[in-house]
Each structure stands twice: as C-alpha cells, then as structure tokens.
Amino acid sequence: MNPSQSLAGAPSAPAKKTPVRSGISRDTLLVIAVTLAGFGIWELAVRWLQVPQFILPSPMAIAARVAQDFTSGLIFPHFLQTLVEVLAGFLLATVIGVGLGTLVALVRTVERVVYPFVLALQTVPKVAVAPLFIIWFGFGIEPKIVTAAVIAFFPILVNVIAGLKATDPRRLLLMRALKAGRWTTFCKVQLPGMLPYLFAGLEVGIIFAVIGAIVGEFIGASLGLGSLVIQRQAGVDVAGVFSVLFYLSFMGVALNLALRWVARRWVFWERPTDAVSA
Amino acid sequence: MNPSQSLAGAPSAPAKKTPVRSGISRDTLLVIAVTLAGFGIWELAVRWLQVPQFILPSPMAIAARVAQDFTSGLIFPHFLQTLVEVLAGFLLATVIGVGLGTLVALVRTVERVVYPFVLALQTVPKVAVAPLFIIWFGFGIEPKIVTAAVIAFFPILVNVIAGLKATDPRRLLLMRALKAGRWTTFCKVQLPGMLPYLFAGLEVGIIFAVIGAIVGEFIGASLGLGSLVIQRQAGVDVAGVFSVLFYLSFMGVALNLALRWVARRWVFWERPTDAVSA
Amino acid sequence: MGQAMRASPPPAVTPLRALAPVALELKELAKRYPTRDGGMVQAVASVSATIRQGEFIAILGPSGCGKSTLLMMIAGLVRPSSGSLTFGKPSHDTHPDFGIVFQDPVLFPWRTVQANVELPGEVVGMPREQRARKARELIQLVGLAGFEQQLPSELSGGMQQRVAIARSLMLDPQLILMDEPFGALDAMTREQMNLEVQRISLESGATVVFVTHSIAEAAFLANRVFVMSGRPSTVREIVQVDIERPRPIELMASDRFGVYVSHLRGLLNVTGDAS
Amino acid sequence: MGQAMRASPPPAVTPLRALAPVALELKELAKRYPTRDGGMVQAVASVSATIRQGEFIAILGPSGCGKSTLLMMIAGLVRPSSGSLTFGKPSHDTHPDFGIVFQDPVLFPWRTVQANVELPGEVVGMPREQRARKARELIQLVGLAGFEQQLPSELSGGMQQRVAIARSLMLDPQLILMDEPFGALDAMTREQMNLEVQRISLESGATVVFVTHSIAEAAFLANRVFVMSGRPSTVREIVQVDIERPRPIELMASDRFGVYVSHLRGLLNVTGDAS
Amino acid sequence: ADKLVVQAGVPAPNTNAIAIYVAKQACLFRDEGLQVDLQYTSGAPLATQLVAGDKADIALVSYEPYLLGYDKGIRGKFFYQAFDRLIYFIGVPVDSDIKSIADLKGRKIGVSNMGSATVIVGKSMLRSAGLEPVDSAFLPVGIGDSALAALRGNQVQAVALWDAAFAGLERSGAKFRYLYHPEIADFGNGGYFASDKTLASKRDQLERFSRALAKANLFMLANPQQTLEMYWRANPAGKSGLDAASANEKGMAEIRFKSPYFERKKDDTFGRLDEVLYEKYQKMMKEEGSLATLVPVKSFMDGSLLPAANRFDRDAVMQKARAWTGSEVCN
C-alpha cells in the first residue's frame, strides 16, 4: 500500500482562524443577518400559521413590549435589583468555589470528606428548601444572593478542581526544588495554571448566577426580573414575559462577554501565536 | 541577603497524595464520622431550639420517612421516572454540548454567530419557558428530558470549547504534517486532549440534569421525584419533602461518582506518576 | 564567503546534485513573527536553495537563528512572510508526504509507545496488522523493544525522542524533516541512529533536511551542510561534503573527514571540541 | 572493570577530593518505578558515591539508564526505593539550597523571560530591585539580552533552555543539578556556556552534578565522570580527570585531554566522533 | 405604630392581596396605628409554615395547607376570612359540549400539578355526579399559556384551576363556562391566619388589622376605579403592555372577577368565618383521601375578633372612598 495514495484524497490541514481584524465586521454582519432572518421566519410563521399570542408571540409584539418597558422606565428598578443580586451572588460563588475547590484539590482528606456533601447539596432543588433559606437569610435581598451563589458556585468549584489537578507536575517539582511553601506554589504555579479552567467555570457560573437570582425571586419577591416574570405569567402576558426574558438574556450575555474579555487578557499565553496558526 | 536563611523557615514541599489503597478506609471512616456528627448536631439543635418539625424536621424523622418510602415501595416509580429523564436529558446534553462545542471551537464563524444565541438562551430561566416546552413537546416525559438537557448542556459546551482551545498547538502541527483531515485530527488529537475538560463539564452537567428534570416536573407531572416534592410541599409534609430530597441527592451523588469513575479510567494519563509525586 | 577559513575548502563537484531532479526549491524565503508588543521579529531573512531528490541536507547555526522556523516553512506548518517554496512536481501545489521530527517529542500522552508510532499509519488508513508490524520494527530500530506498552510519561527524555523518530519513519516518507532529533541521545545511541538514518535515506532515496547542533554529525550525514548566520538568518555558506555514501563510522577518525569538520567549525566560530 | 580499554587509564590521585569536606553521600541508592500493568521498572539499581564540596561531577550513560532519576533523587524530588542519601551537614536532614535545570525547560508560559528568571528570587523574598538586576545579568550571561520581555512561546528551543539555565543560577546555589542543560545548544553557544558554568562553579565553590551526553563536555568540565551502565544502572566506572581547573577551551585539542575522551569513549562503546 | 408582617401565599404581587394594598394606600392601617409589611412566598404552604413557626405575624393563605399540615404540627387559627367562595372550580371553553359535571365522563381535566388542591375538589365534583374519581382523569398542564395550549390541542377538555388563574386566562382573551362544586362552592376557603402565640400576644393589633381590612373591603366596593389604581401602584406590572383604555377595562374586569364577595355580602359581617361549610369542606377532603385527620373547627377558626373588626363608621369610609383621588397615598 502506498501511503501517498491514501493521502492524496485527504482534506487539507485543519482550518485555521482568520486574523481577528478582518473577521469582526464580516462575522458581526453575519450575526445580524442570522438574527434578522431568524426573527423574520419567526414573525412570518406566527402570522401564517396563526400561532396564538399565548403560545408564541410574534417578534414584533415582543419588540414593542421591550421598547415599551424601556420607555416607560418600568424595567429599570427590576433590572437593577436582579443585577445586584447576580453580581453579589457571583462574587460569593467565586470566592467559595475557588476557596473550596483549592482545598478539595490540594488536600485529599477534604476531597473525600467534603466533596460528597457538596454534591449532595447541589442536587437539592433550591425551591424545595426555600423555607430554610427564608428563615436563615430573611426576606430581603439575601436569600436571592444566596440562591444565586449556591447555583453558580458548583461549576466554578468543579473547574477549579479540574484545573488544579491538571497542573504540570514538572512545574510543581521546580517549586519543590525551590523549597517554595504551599501557598507560594499555589499562587505562582497552580493558580495561574488553572486560569483557563477557572474562566470556563466562571463563564458558566455567571450565567447560572442569573438563573439563581431568578429562582430566588420565584420564592417570593416584589422587585426583580424574576418577580416580573411571575406576575406576567399569571396574567398570561406572554409577550410581557418574553420582554423580561429579553432583558434577562441581555444581562447574561453582557456579563458573559465582560468575563470573556477579562479572560482573554488574563489568559493571554494560551492565544495561539502566528507560528502555529499561520 | 542570604537566600538559604529565607528558605530555612519555609514550609516543606506541597502535600502529596497518599496511595489510594490505604486512603479509602480512613477517609470513608472520616466521611461517616462527619456525617454522623453533622446529623447529631442537627438532631440536637432541632430538639433544643424546638425548631418545629414543619420547618426543619429532625434527621430521625427524615430517616424514618426515607425508610418508609423505601419499604412501602412508593419511591421507586418516582425515582425510576426521574432517573430516566435525567439520563436521557444528560445524554442529549452531552451530544449537543460536544457537537455544538466542537463546531464553536473549530469554526470561527460558528463561534461568532451561534455562541451569542446560546448564551442568550442560557440565561432564560427554564421555569419561565417550561410552559412553552410543554406546549412544544407535549405533556409526557419529553419536556422534562428537554429541560434537563437544556440546563445540562451549557457547562458541557463551555468545557468542550475551553478544552478544544487548550489543545497543544504542536500536536495539531503534527497532524497537519500527516495531512490528517479535520475529522481525523479531531478524533485523534482534540477529542482525547479535551477529555479532562469534558469530564469536568460532564460532572457539572449530570448534576444539572437532575436539577433540570426536577424543574421540568415542577411545571406539571404526575410521576417523578419533582412531582412528589410538589405534592408533599402542598401537603406541608416537610419530612416527606426531605425524604425525596434524600433520594434526589442519592441519585446525583451516585451518577456523579459513576462519571468520575469513568473519568479516572479514561483520563488515565493525567494521574500523577510516582516519579513526580514521591 | 568573507570568512577566514581554517582548513582548505572542499572540492566543488557533486555528482548527485547534477543528476537528480529537483525536490524542493526555496526562493528568498523569509519569516517575521509579530511580537506581543506589536513589533516584529525577523527570524529568517532570506533563504534560497535548490534541493534535489535523495539529497541529505544538514542545517547548522546558532541557537535562535531560525533553523526550526525554516524547517517549519518547508513543512508548510508556518506560512512564509515572503518568498516562495516549490516542490519537485510543479503540478502539485500541495506538500508531498513527509515525515517530521520536531525539536520536542510531541507525543500523545494517552497513547502507548506502540500506538504513538502507529499514529501516522492510522491516519492514512494502513491496515491494522501491517501497521502494528511496521511500528514494532521501528521501535526495535530505535532501541525501545520491550517498551511498546509504556506511556510516554513513563519514558526518559531520550526515549521519548526516539519514539518521535520512529513515528516519523512510519510512512516511508519521501521527504524527512528532522529538528535536532538526536540532541537528547547518548553518544553511542546517537551513532547508531546516525547510521540508521543514513541507511534509510539511501535505501528509500528520501530527501532529508536535518537540523543539528553537532558539526561532526552534520558532516558525517550530509551531502551539503547549510551554515546559517545569526538572526535574522540567511544561509551564510553551503558546504558540500564530497564523500561517497554510505559512510562508515570509522570515517570520523579520518583526515579527509577532519577537513570538513574544521572548516565548519571555523565558519561557526567554534574553538574547542565540546560539541 | 571487565571493559577493554582503548586508552591508558588516567592517574589515580585527586587533590580536591582529599581536602574538601563531604557535600553529599549516596549509599546504595536504588529506584524502581511501578508500571501501569502492575509490574516494576528498575531504573537505578544501586549507586554509591561520596561527593565533596566544590566538586564537579559529570554523569554519562546510555539513554534511559536512569541519569535523570538519579539526579531527581539527589534533588529530593523522587523518593528512592531503597538506599540512603545524606548531605554534608548531618544535622540538617532537609535538602540544601540547590539550583536545578531539568531535561525540559519547564518554564512558566504566563511569565516573560525576565519574570521566569526572577522566579526563584521571588520565592525566597529577594528585594525587587536586586532580583531584577540579577535576572538581567543572568539573561545577559546566557545570551538572551533583548529578549527579557518575550514569552517562552516566542523563543526557540535552545533559547528556552537557556532561560532555564539562567533561572537555576538565580540564587547562587551551593549545589547545582543540571540534566543535559546544553543539549539544545549549538556548538559555539555550548562552548561559551561550558566556560560560564566552569567559572561559576569555581568562583562560588558550588558542587555541581551535571548529566550530559557529550563525552568531551563531561571530560572538559568534571573533576570526576560517573559512567553509568545500561538499565538497571549502576556507576560502572568513575573516571577522574586530573587536569587543573579552570581549563581553557583550547585544552580540548590537546593530547592530554584526548586520553580521557578516548577512555570514556571506550567505556561507552562509541566508535566514531559524532557526539 | 405597631409593626405587623403579613406573609402572602403567592410569590409576587397579585389581586389576592388587594385588600392589603388598599388598606395600606388609603391609610387605613395608619389610621389603626399599624405599619404593615407585605412579603411574598412561593406558595400558601410556605406562608402557612412560616407563620405557624412565628417567623411572621399573619399569613394570607388558602385553607388547605393548614388542614393538611395539622397532623404535622401546624397550629394557629384563621381569624378573618378573605375569600367569598371556593376558589377552585372547573372551566370548559364556552363553546364546549360539556354543560354539566356529568358531561366530564371520559374527558380529561387539566390541573396545574398533581399536588394541587384542585385535584381534590375536582375528584369530589366527579364523585358528586356519580363518576369514578380516578387519578387518570387529570393531567398536569400547568397554568397560563400551557393550560390554554392543552385545551386548544385537545389534550384536556376542561381545566380545574383557581380564581386568579382563570382571571389570568380570561385576561388573555379565553372565554370559559364554569362548573362549580354542587355543595361547597360558597365556601370561601382562604383567609388571614396567625399562630396561637400571636393571637394571644398581639390580639389588639390583629383586631385593628381586621378592622382596617373590613374598611378596605368597603372602600373597594365604593370606589373600584381607585382600587384598581392602588393595585397598579402596588403592582405596576399589572397594567403593562396595554394602552390606558384597554388596561383599565381589563383591570376592572379582573377586580370584579376577584371581588364578587364584596358585592354579595356588603350588608353582612366582613371576614365572617363559615363553620358549617368548613365542616363540609374538610369532610370532602377526607373523603377524597387527602386529609388524614379532621381538624376540629375550634382549632381552626377564631371569629372572636370579628365583632370589633366590623365596628366602625361605614358611611365615613364610603365617603372617604368616593372622595379618594389618589393624590396622596400612604405607604
């Protein structure tokens, strides 16, 4: 068998990214085009198939509500409330996730003893333990922050653990050779090394913090996008619900993009260089 | 300054894991001890502080319900139903997460065009769109599977993307040198290389699939642990709710452990060898 | 050649070059890398050369001068900033089949030694049996028999590099590119590997481009030695080694060989014998 | 010494060894690695040696024979399976300060060249200014001035290894362990680095254990050369190089030096001159 | 002012708590020397639990959680009935051929979920018409749009929900014919609840609270338009998405839908607790197998505050209500 023959038909090298500069405008255009096309099809489908508004409102109807919620100013206090809950919850989740994840990854006993409990707690639906949350954390913003944190911290934790375990052992050897303390080793080797994992976890975490805040508001709130969803749902105001969902998505995407921007700056060394991607 | 002096007080090398064999029994004992201690404190606290059973039942009361749910056989059909939903949802999430993640990571246009939509959809609270799922997917098991899948797929997606982007570029070079096709490169380099990330994502995903199935059942189901929670909550049967939560946690922990067992066998090459950990 | 020479230059005629068809033509190849601060590093300034089929080219030059970059451009793995590169059959604008050994082993940690060596065979769809046999032969060749089922992490540095060498020979390539393949090997193993590479290149008629830091190795193996200047690098001089191949290892002790080594050493500013 | 020798053995007296206090004592050190299939690989069989302060020890041996393992045991980074290891001052059972160069560069990809070299200084809390100055000096020493702000991924293989060498010298260690540090360097740079290491070891009085595959390099640098057998390895012979240090690079061309090289070459079964 | 915390059995502002909004904004609580905080919970069971555990003073909830929780230790009493009729009933599309409960034979009834009290009431209704009350007659379809979709897709031919849920469906344009329980449809199964401890220690405050509620009821009857304005102020989301005219129309419809109570019983005692129907109701629940032990009426209701709560100048309140412009509101 002649390998060159078998190779002849093989496709060429794996696709490589085009430089960022030339990419932005084309891709942005594409996003816009896809979005418009999607909404167009949706609009037409809703009209032609006469889908009732309560099953799926038309994009136009939703857009109108989105605009109205904006101009009437109604959305802002709700948006702000939820945003505060999300950010506080995310911060808490990050601190706990990184802290606990580090302990779990570095101390075997903690892993074996604590991790099963973390897991067990994780599967518990937060709405089911709402009474405890309310009793422990009151009726203010706290239980919402806690719900957000509890839901967001798990993906962060898991990624921190995975990232720390993937540390190149030779780098640890070097630190041992330098008689570096545990803490120094952690700061200088393991922490930077796990950043790619950590950011993957944070990216999920921030999105889950949004969901968590909403779930927290479902337990009972008079302010916040989640409470608005409930009120509008009760009124079968589906276009209204979609308008809130739009603002929620906006929040999630914006926070996620901000995070990815930070990630790109902090994990700069993982960007493929020209040498390999040319 | 004499570096040897500064080094003198530094703690010794980072902790290394003790061999697995000797670890199991001690740690298992510790887990049991911690569990018993925790439940003991809980039991005493509930008694001394006279926390009413309908707010926080005592561990004994919960244990009795857990046993009763088991011996009466009542729990099994619900458990099985939820398990099926979780597994099906998780499977779907894995397929979508890996498939879409691969596209996003390997095709820049997909990343720029599809990812924002994925993000936008992800922040939407499932409880808010679950009614739509019911409308779209019927009143059977399908909307629960979809809810589970939709919640579980995101951490998987994000980890797949992160894992693929962290591929060692020199390995890609090698495959280019071999004129390997995209698919071959993916299967032989990127897929195995991303496994540590993938499993971190799956570990989160399986837990979220449990949550998703429950959320799906909350909206309307006559069978399943989530529907049992709702029924018992309506009856202010708090010990009963905790009993269901126990079975839910059991399911989550068991599935997660199974997954980690698989991970250890599949990602064998990341286990630190004696050479570096001695 | 403004360089003062320490030994008389070698004769100027080359039977092989005149006869064989062109395998590879480099025309003013250059490479600039963008740096993080927005600047540019000129790694390779301008390299032109004609390489004929079956030729064994060694590349010598100071560390960081752009040897790996040049090799990667030939492999088509780094896009030249300017200049052109054409292969023997002009109708094909794709690269020919080639085997490559990078400066690092670049093994797959999840594959055993055997599976790592088999990889190229898998990629081109070689039948399982044939591939396994061939891989075992190559593993034997590089002196790793008995280690087939080990993982790369269980091997020493030199052993890993030998796995990479075995892998590069898996497809009997017509073009072999090697970047300091024997740098991590002890003298004896290195000698054996030199003889093997010489044998393979002659038997298969493959063209070989071989980066090395060992002056003696370059002179022993190559038809022509490209001596590169410091960065931004050009080929400062091409030294033709007009000794018939295969060359026996004893050749190294001969005066005839010593002339080439001294000449190269002079070009590279090497005083002693430590290489 | 059942080995046929090609050159006469060197004289047997060593002024340095007799005078200096013991730095390091190895007693029947051995290492077995567990393999994945439940078996064991005996990497190092039994090594005993006494190393005195200020001594320069070179280790030569076939690839995979256990040189890196031995070095790692000395560094305290691999636990011996049996045998013992004691350091000069018996009161300390911790390891002394040492600098180490691994077989791979093991750099931190998120740190610039400067920051990589500064790392040991950071770890021991050296003041910022002093650390930066020292790092710049060392970067200059290894010939990388101008590359301070590059990331490791922007360097060639040899340049990365030089960063690792600079880093190992950051703390003026009393014990320097080097695993094939110059394997990726060209002959000229290697010569320069050899002279630098010799200068540093003599000036600081540091003990050096130096793994290399270059017979000439070992003979040029070392007070004693440990020649190891194949796996499971023992020290087959210790060759003492009784030439006063510092040694000029021209020494390599001398007959006096050639005797040692030939002897070592014989021990290692090397025929030619390709190392 | 004395502070009272009221725990609503709903997760967000809604018409259930309209009397509280009115009593607050029309300064009726202030006039009684009270400062009332309204908090929301995911549902009536949670609100009941919290108040029985003295984590809040008063719960505004339906009766079922208390009854079902009694044998789990829930104690306390309802002291003011807030609903005027059974909030659970069955709706069929107006053009449906189902005209009576008996016509439900062989049909599927949608419920929000299988834990809902609507299942209990629905079964009882089936039984009353001689039909077999099997679980399989019910299908969980959620509320709102998914319930509508189930009806439209003919997965169910009827839905058993509660008043506010139907109000929501009607607001979206659906039209229903309603079928009520033949015996207990007049039982107002929801009210204000406090623990025995609170009833003893804050008796005076609860009395003033009840009086403010009674005044609020009268106020709502006298000025529905301002009632709607107050509701919207408490729940701005309640009117969004519509132009002013249609918002008003739909809002008034909802107020009316929610408050026939006040119209029918304007001459009666506000907050009257109905002991006779209560006995019937819990018997029904026991019959359907959801209630293990009957709860004696004395353990359930405490009507002793009502006489004092109804002692106030009705004309003055009517006048205040009619003159109310909303230019100044209490918080």
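Order of writing sets the labels: A, B, C, D and E. Residues in every chain begin at 1.
Note that a residue touches a chain if its C-beta (ideal position, glycine included) is under 8 Å from a C-beta of that chain, and two chains touch if they have at least 3 such contacts.
All figures in this text were calculated on a predicted structure; none of them were measured in a lab.
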Completion exercise
Listing by label each chain that touches chain A and chain C gives B, D
Completion exercise
Taking each chain's centre as the mean of its CA atoms, the one lying farthest from the centre of chain D is chain E
Exercise for the section: Please state whether A-D or B-E has more C-beta contact pairs across its interface. Expected result: B-E
Fill in the blank from the handout: Rounded to the nearest Å, the gap separating the Cα centres of chain B and chain D is 48
Problem - For chain D paired with chain E, centre-to-centre distance based on mean C-alpha positions, whole Å - result: 85
Fill in the blank from the handout: Separation of the C-alpha centres, chain A versus chain E, in whole Å, is 39
Problem - Per-residue multi-chain contacts in chain E, two or more chains - result: 46, 49-50, 53, 55, 144-145, 149
Exercise for the section: Spell out, as numbers or ranges, the residues of chain D touching 2 or more other chains. Expected result: 33, 36, 69, 72, 77, 94, 97, 104, 120, 124, 151, 154
Exercise for the section: Any chance you could list the residues of chain B touching two or more other chains? Expected result: 7, 10, 12, 55, 131-132, 135, 170, 173, 175-176, 179-180, 184, 218, 233, 238, 268, 270, 273, 275-276
Handout entry: chain C residues within the chain D interface of the complex
Key = 33, 35-37, 41, 60-64, 66-69, 103-104, 143, 149-151, 154-159, 162, 180, 183-191, 194, 213-217, 220, 249-253, 257, 261, 265, 268-275
Fill in the blank from the handout: Given the complex, residues on chain B that touch chain E span 51-55, 130-132, 134-135, 138-139, 218-222, 227, 230-239
Practice task
Using the touch definition up top, name the residues of chain E that touch chain A in the complex.
Solution key: 11-14, 38-42, 46, 49-50, 53, 55, 143-145, 148-149, 152, 164-165, 168-169, 171-172, 174, 235-238, 240-241
Completion exercise
So, in the complex, the side of chain A touching chain D is made of residues 168, 170-171, 173-180, 184, 188-189, 192, 195, 267-270, 273, 275
Completion exercise
chain C residues touching chain B in their complex are 72, 75-77, 94-95, 97-100, 102, 104, 106, 108-110, 119-120, 122-124, 151, 153-154
